[in-house]
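When the chains are written out, they are named A, B, C and D in that same order, and each has its own residue count from 1.
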Amino acid sequence: MSVLIDSILAILAVYLALQCLLAPRLTQTVFIFFAFGLALALAWVRLGAVDVAITEAAIASGFLGVLFLDALRDFSFTAPNKRENLEAVHDPLSRNDTKSLLLPRLALWLGLGLFLLIALEAVWKIPDGGGLTAAAEALLPESGVEHPVTAVLLNFRAYDTWLEIGVILLGLLAIFAVGGIKLYRKPGVAADDPLLRQVILFFTPVLFLFGAFLLYFGKTGPGGAFQAAVLWGAIGILLHLGGRPVFSVIPRWLGQLLLTVGLVFFLVLGFLLMAGGGALFEYPPAHAGVLILIVETLAAISIAAALTAIFANLNQMKKEEPNEIESTN
Amino acid sequence: MIKEVITVILLVVGCFFFLAGTLGVLRFPDLFSRLHALTKADNLGLGFIAAGMALHIASPWAALKIFSIWLFTLLASSTSCYLIARFQREQEQSKNKKERG
Amino acid sequence: MDGFFIIVIVFLLLNIALGLFRVWRGPTVADRLLTTQLFGTTGMAILLVMAGYLKDLTLLNVAITFNVLAVLLVIGLVQVWKKKKGETP
Amino acid sequence: METYQIYSLTSAVLFVIGIGGVFASRHFIKKIIATIIMGGGVFLCFVSFAERDALSFADPVPHALVITGIVVAVASAAFALALARRIYQLTGEESFTNDK
């Protein structure tokens, strides 16, 4: 009977993915993408992965949705008109090209169909390896936490998490390299609406408290550093949208400290543990719980700061003098 | 037994309001009436479903959490209703101004 | 009781699928934005019912997250696109 | 049909849709979204097999990998968006055109 829910969710997810890519307008694409994130989050709840569901709901649809909306402001709002313009200007051969494009298109669809069959067969025949559940269950008492996913993330495979903070920081640096450091610039518009200001002021402590709750709850159940980080990052985005950008208010060294503290503390802790005679990130079981909580808190602060910085920097990337550039082409 | 009957009734009523909200979004002619249908009817439906589930789960901590979820949703959705309506009005005004001038 | 919960969840999922029609057609951006509100609320209802069906109270945390992020999206769109109007008066 | 079978087959379909989107769509934002959908397919495959291997709880290692994976995918998508917007700023183009 519960197969009904699963199959409807699966059909919905596939349909949304297709519509997302086939929609003629970009605004349709972005909002359908939000719905797609919701369907995936529900699918993960059905599969018993509540941590993944929280992460997906928070970051992959909320944060990315805001980023895409911000990008759409720069691009044209309606793809079709613009595309005709583009083709008229840049690609005068497009009318004659339709026939010669037929063959590549046919090849693409044939290849995709074949690939679909291969992928379905491969997924169907994945051998039963047993997984790592038993190993994780056996080591769980030594890890210092009670929730297996948190134990894997911050104890058994802590270097993954450490490098992941590094990847986010690297992404931020790459964005700086592409668009210039516009983090410390003040945006022009403050929230002029009293209701909007009140809502931002109300949601900031709620988000902070809920993030802290998730962080602490990660010890015993779904939750943890990433989920808390996204919620705290949402605080930064809300404040930025309300005209109080965090990074231009606090002093520079504090911003840089917030961005790097998670990475640095993680690394120092790892080397101290190595100096004490263990392997990298091998916590002593007696203190593991406390150490994990400290590491989680600092990592969450770092990731939240990095997400806020990514949004702030992308939001400040303005298109300069569009008319002149387009006319020279 | 009586608890289950009440839960079923609450959930059915909640579903009815959700259907009403969705139909309103689909059928009403302009944005403002659609906003009205969606943000009122859906929140009422969510309230009924929340009450039903709080009764079914029957633990005071969960009931408190569900109630706070409903309260947040009321706040959030009334705000977004107002913001969307204001956004739309501003867009229309600027469009009119452009057409006139 | 479980069968009844499944029927409710399927009904709410179909509700979301119906609401997609408005995303597809909606003449203005605000119409499409409206449906994120619909998805948020309906998704929360589905999560609440699922919490009872799977007997897993941690799903309530997912519901709160959904709620908060739908608001973030609305405020984001309203504030971000208002700037554009201010730039080109 | 088991739950994990439904979702693993769905994951294959999503992955193929993503690949098709990367090749067939023109606008930068659509290409970026297509890569995210591809990633979603891969993550769904991981999590569905984690559910198959469940004992008293589902296999936690794929869950942890997927959480890290989602965050990394978002960071790379943000970088791709920055690149796309920079290209648009400099050349005014929103898709790869091959007329030059």
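Definition applied: a contact is a pair of C-beta atoms (placed from the backbone, for glycine too) under 8 Å apart; a residue touches a chain by one contact, two chains touch by 3 or more.
None of these values were measured; they are calculated from a predicted model.
Trainee: Return the chain whose centre of C-alpha atoms lies at maximal distance from the corresponding centre of subunit A.
Mentor: Most distant chain from subunit A: B.
Trainee: Pick the pair with more C-beta contacts: B-C or A-D?
Mentor: A-D
Trainee: CA centre of subunit B versus CA centre of subunit C: separation in Å?
Mentor: 10
Trainee: Measure off the straight-line distance from the CA centroid of subunit A to the CA centroid of subunit D, and report it in whole Å.
Mentor: Spacing between the chain centres: roughly 11 Å.
Trainee: Taking the mean of the C-alpha atoms as each chain's centre, how many Å separate subunit A from subunit B?
Mentor: Using C-alpha averages as centres, the distance is 27 Å.
Trainee: So what's the Cα centroid distance for subunit C and subunit D, whole Å?
Mentor: Computed from C-alpha means, the inter-chain centre distance equals 21 Å.
Trainee: At which residue positions does subunit A touch at least two other chains?
Mentor: 2, 46, 196, 199, 206
Trainee: Please list all residues of subunit B that touch 2 or more other chains.
Mentor: Residues 72, 79, 83, 86 of subunit B each touch two or more of the other chains.
Trainee: Would you pick out the residues of subunit D that each touch at least 2 other chains?
Mentor: Correct list: empty.
Trainee: Once the touch criterion is applied, which pairs of chains come out as touching?
Mentor: The list of touching pairs comes to A-B, A-C, A-D, B-C.
Trainee: Which residues of subunit A touch subunit D in their complex?
Mentor: Result: residues 2-3, 6-7, 10, 13-14, 17-18, 20-21, 26, 29-30, 33, 36, 40, 43-44, 46-49, 51-52, 55-56, 59-60, 63-64, 67-68, 71-72, 74-76, 79, 82-83, 86, 90-93, 105, 108, 112, 115-116, 119-120, 122-124, 126, 128-134, 136-137, 148-149, 151-153, 156-157, 160-161, 164, 167-168, 170-172, 174-175, 178-179, 226, 303, 310, 313-314, 317, 319-320, 322, 325-326, 329 of subunit A touch subunit D.
Trainee: Within their complex, state which residues of subunit D touch subunit A.
Mentor: These residues of subunit D touch subunit A: 1, 3-21, 23-30, 33-34, 36-37, 40, 43-45, 47-68, 70-79, 81-86, 88-95, 97, 99.
Trainee: Where on subunit A is subunit B touching in the complex?
Mentor: Result: residues 193, 195-196, 199, 202, 206 of subunit A touch subunit B.
Trainee: Subunit C touches which residues of subunit A in the complex?
Mentor: Subunit A residues touching subunit C: 1-2, 4-5, 8-9, 12, 15-16, 19, 23, 27-28, 31-32, 34-35, 38, 41-42, 45-46, 50, 53-54, 57-58, 61-62, 65-66, 69-70, 73, 77, 187-189, 191, 196, 199-200, 203, 206-207, 210, 214, 217, 221-223, 227, 231, 234, 237-238, 241-242, 315, 318.
Trainee: Give the list of subunit C residues in touch with subunit B in this complex.
Mentor: Against subunit B, the touching part of subunit C is residues 1, 4, 8, 11-12, 15, 18-19, 21-22, 28-31, 33-35, 37-38, 40-42, 44-45, 48-49, 51-52, 57, 60, 63-64, 67-68, 70-71, 74-75, 77-78, 81-82, 85.
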